[in-house]
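Following this line, the structures themselves.
What follows is a pair of complexes built around subunit A, which joins subunit B in one and subunit C in the other.
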Partner chain A sequence: MAHVHLQDGSFSLFWVVVWWAAALVLIGVSLLILRSRKTDQKKITVAAFCTAAAFAVFQVSIPIFGGVHLTLTPLIGILTGPLTGSLVVLIVNILSAAIGHGGYGLIGANTLINIVEVSVGYAVFRLSKPLMPGLFPRAGIATVLGLLCGNVAMILIILVSGIQGVSQDMSAVLGGLSLIAAINMGVAVVEAFITGLIIAYIGKVRPDMLGSGGP
Partner chain B sequence: MIFPEGRRGLFIFLGLLAVVFALAVVAYLAAGDMGIEERFSRALGGGEGEGPGEENGGGLALEGNLLSYVAVLGVLAAGCYILYRRFRV
Partner chain C sequence: MSQAIISPHIPDLDLITVYAQRQDTWFSGVSPWTKFAGLFLIVLLVTLTKNLLVCISLYVVVLLVYAASDLPVRKLFSWYLIPVLFVLSLVGIMAWTEPGVPLFTLDLGIFPLTLTDAGAMLVVTLLLKALISVTYSLFFLMTTRYQYFSAMISRIFPSPLDQIFLMAYRFLFLTLSMIGAMMKAIRSRGGGIVRSLRVQGRIFAEVFALVFIRSFDRAERVSRAMISRGYQGKLEAATDIPRPGLSGYGTIAVSLMAIVLIASFVPDQWGLVW
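On to the complex of A and B.
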């Protein structure tokens, strides 16, 4: 559940623009590739449901480890792929910022972090099929690794950007962020079980929704 | 049967979860009980009240400003509509 939970003004305007531009480049590439392909109405419907579900779980604080939230980003990656998934996480981040969950200026950075989670979740789920045919563990492992990479991306983005008004040195900030990432991964355990069960259920009743990654 | 025939993947998954969960518990005990916003604020050297960025006027200052939120949201909505009409996927 990597997400930069900071207010607008935490990043300097330069880094706000840099992360927004990087996110928009990825979104633009996704749009171009999607436009060159045949429109898959079923995938668009799934993406719409994923957007609504992800936005909802973003706002629900789970009372463990002091209060955290799920993201469902690896599930989005598994169900819609990284191209459509990148659009889904952009919308979720915009809507979340609109209600004060993360600043507007951090949408770019948060979208990049979530794109990492979506892409790694998708890739691990697909690539590990020959090693682990079972959907439940495969989806669970894809979720854990996707969220782990998302947390690493979050730390890197914050360290590279720097935070305005922070007096701590880099090593102290890295230590604090590492603790946050480790605690986030505790919630990844919950998210891995949920994702694993959802994917196992979908694989049982609608295996066609999982494409080549299915059973 | 929701757990598939292959057990190897399940063992790897549960082992991974055990390691990750143990690390999370250790980190939680080290950091103390607090919400995610406060945890971020502490990690970055802020106090318990305002988060980083609020005392420094150098960045964007939309937080808590309803008019700014509405204005930015309106611009985003208009931009999305134009992009949708221009690049309909």
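On to the complex of A and C.
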């Protein structure tokens, strides 16, 4: 998963406001579309359970490479779609900030990154169905691409915002960020493998959960 | 089932709720809106200042408030692990390339890594900022009753975001309990032992898949039950939230003025950033 691995006070007030505003605009658009479609009550309940499941899964440390945590954002996109998924990731980020995983000021930036992951994961999973009918490779590739785009978004956000107190030039910052992105992509491979297995399992047990993207 | 079974370093929501419902300290009686404003002001201050002394003072004050609320300090320190790792995972790398007066050099053979005074200061300041925010956030969670939180969510967020949030918070305890039971079952069968990526991945993928499938099953059942009881997409949290008293408004106003003064006049090593 990609996440701005920074806490409150890392970005200047200007950039905190900018990323929060950008995230709220996207969330507002999602809300407007969902309201215009008259979202049924069941979808709200399912989104709530998905939020709880995503947050709970994030709490588990998997004993691979010394322990990794997964946010499964592309999986959220595949299961709930980008509109509901964007609401889910906002709530997961707020809950995460409440327990110290990312700052409150960084919720905007993190939500933007997660929306990218959710949207790309969803789009790749759906669009690649004619090319790749197998659920495992399709979900795995959708996850890798979703997380890759999320990492690019993370690097861009940090490069544009800068980190308060860091006085080194952009190339040095980019070097550090590239190292983080490389580590993130290592974790992304683990996440892709696990997401592929989850989707393959869901495809066997509850194919209706995958909607038109299913087998 | 306690969330501690999942990880001892992640704040235990069950324990947080127990403290929040206990309501036997002075801070529990403070208006939730005053404490919420406090959170906003603290995030604002740590965003505006880079002064190490301000950060140290604020951390000490927040930690004293936390301890005075009779909240578990040792647990708090164990919960610091994740935010500390988060700061170190990025800034810990950048600290070695920060220009400044060299403190010491690590010779890695291919290239030397030099830690400067500015690099060390960067890590310390951002760590303190992270801990201030986390400590106050946990204090807020552990001194405010659930019904006030749900009422605040209901008033702050638009529909259907508030509905998803309110239901997710309720479902969270069920889901955490479910995942905790599965983790216990895995560990009791030797699943916690590190093996290959394929074996480990498959075990955890099945756990996570089951969590999502059971969540969907529950969502469908809960949805049908709610609709049969008249739910039409609006779950109201009708609890009255105590409004800030005169002292509450006074504290907020004084704190805001203090932040403006600190941001305007307190000099620091790197200057203040607006």
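Assume the second predicted complex is superposed on the first by the 196 of 215 C-alpha atoms of A that agree within 3 Å, B and C clash if a C-alpha of one lies under 4 Å from a C-alpha of the other, contacts with A are read in each partner's own complex, and residues count from 1 in each chain.
In this section, a residue touches a chain if its C-beta (ideal position, glycine included) is under 8 Å from a C-beta of that chain, and two chains touch if they have at least 3 such contacts.
Owing to the predicted nature of the structure, the values given are computational and were not obtained by experimental measurement.
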{"item": "Fit or clash between subunit C and subunit B when superposed on subunit A", "value": "clash"}
{"item": "First (subunit B), second (subunit C), both or neither touched by A:Val152", "value": "neither"}
{"item": "Partner chain in contact with A:Leu34 - subunit B first, subunit C second, else both or neither", "value": "both"}
{"item": "Contacts of A:Val18 with subunit B and subunit C, given as first, second, both or neither", "value": "neither"}
{"item": "Which of subunit B and subunit C A:Asp8 touches, first, second, both or neither", "value": "both"}
{"item": "Contacts of A:Arg138 with subunit B and subunit C, given as first, second, both or neither", "value": "first"}
{"item": "Which superposed partner A:Gly186 touches (first subunit B, second subunit C, both, neither)", "value": "first"}
{"item": "First, second, both or neither for A:Ile202, with subunit B first and subunit C second", "value": "second"}
{"item": "Which superposed partner A:Gly105 touches (first subunit B, second subunit C, both, neither)", "value": "both"}
{"item": "Partner chain(s) touched by A:Ala123 [first = subunit B, second = subunit C, both, neither]", "value": "neither"}
{"item": "Common interface positions of subunit A, toward subunit B and toward subunit C", "value": "5-13, 16, 31, 34-35, 39, 61, 94, 98, 100, 103-105, 163-168, 172-173, 175-177, 179-180, 196-197, 201"}
{"item": "Residue numbers on subunit A that touch subunit B, as the complex places them", "value": "4-13, 16, 31, 34-35, 39, 61, 65-69, 94, 98, 100, 103-105, 128, 131-138, 140-141, 144, 148, 158, 163-168, 172-173, 175-180, 182-189, 192, 196-197, 200-201, 204, 215"}
{"item": "Residue ranges of subunit B touching subunit A (in the complex, touch as defined)", "value": "2-6, 8-10, 12-13, 16-17, 20-21, 23-28, 30-31, 33-40, 42-46, 51-63, 69, 72-73, 76, 87, 89"}
{"item": "Touch list for subunit A against partner subunit C, complex", "value": "5-14, 16, 27, 31, 34-35, 39, 41-42, 44-53, 55-57, 59-64, 70, 72, 75, 79, 87-88, 90-91, 94-95, 97-105, 163-168, 172-173, 175-177, 179-180, 190, 193-198, 201-202, 205-206, 209"}
{"item": "In the complex, subunit C residues that touch subunit A", "value": "3, 6-7, 10-11, 13, 39, 43-44, 46-50, 79-80, 82-83, 86-87, 89-91, 93-94, 97-99, 118, 121-122, 125-126, 129-130, 132-134, 137-138, 141, 158-161, 163-172, 174-176, 178-179, 183, 192-194, 197, 200-202, 204-209, 211-213, 215-216, 218-220, 222-223, 226-227, 231-233, 270, 273-274"}
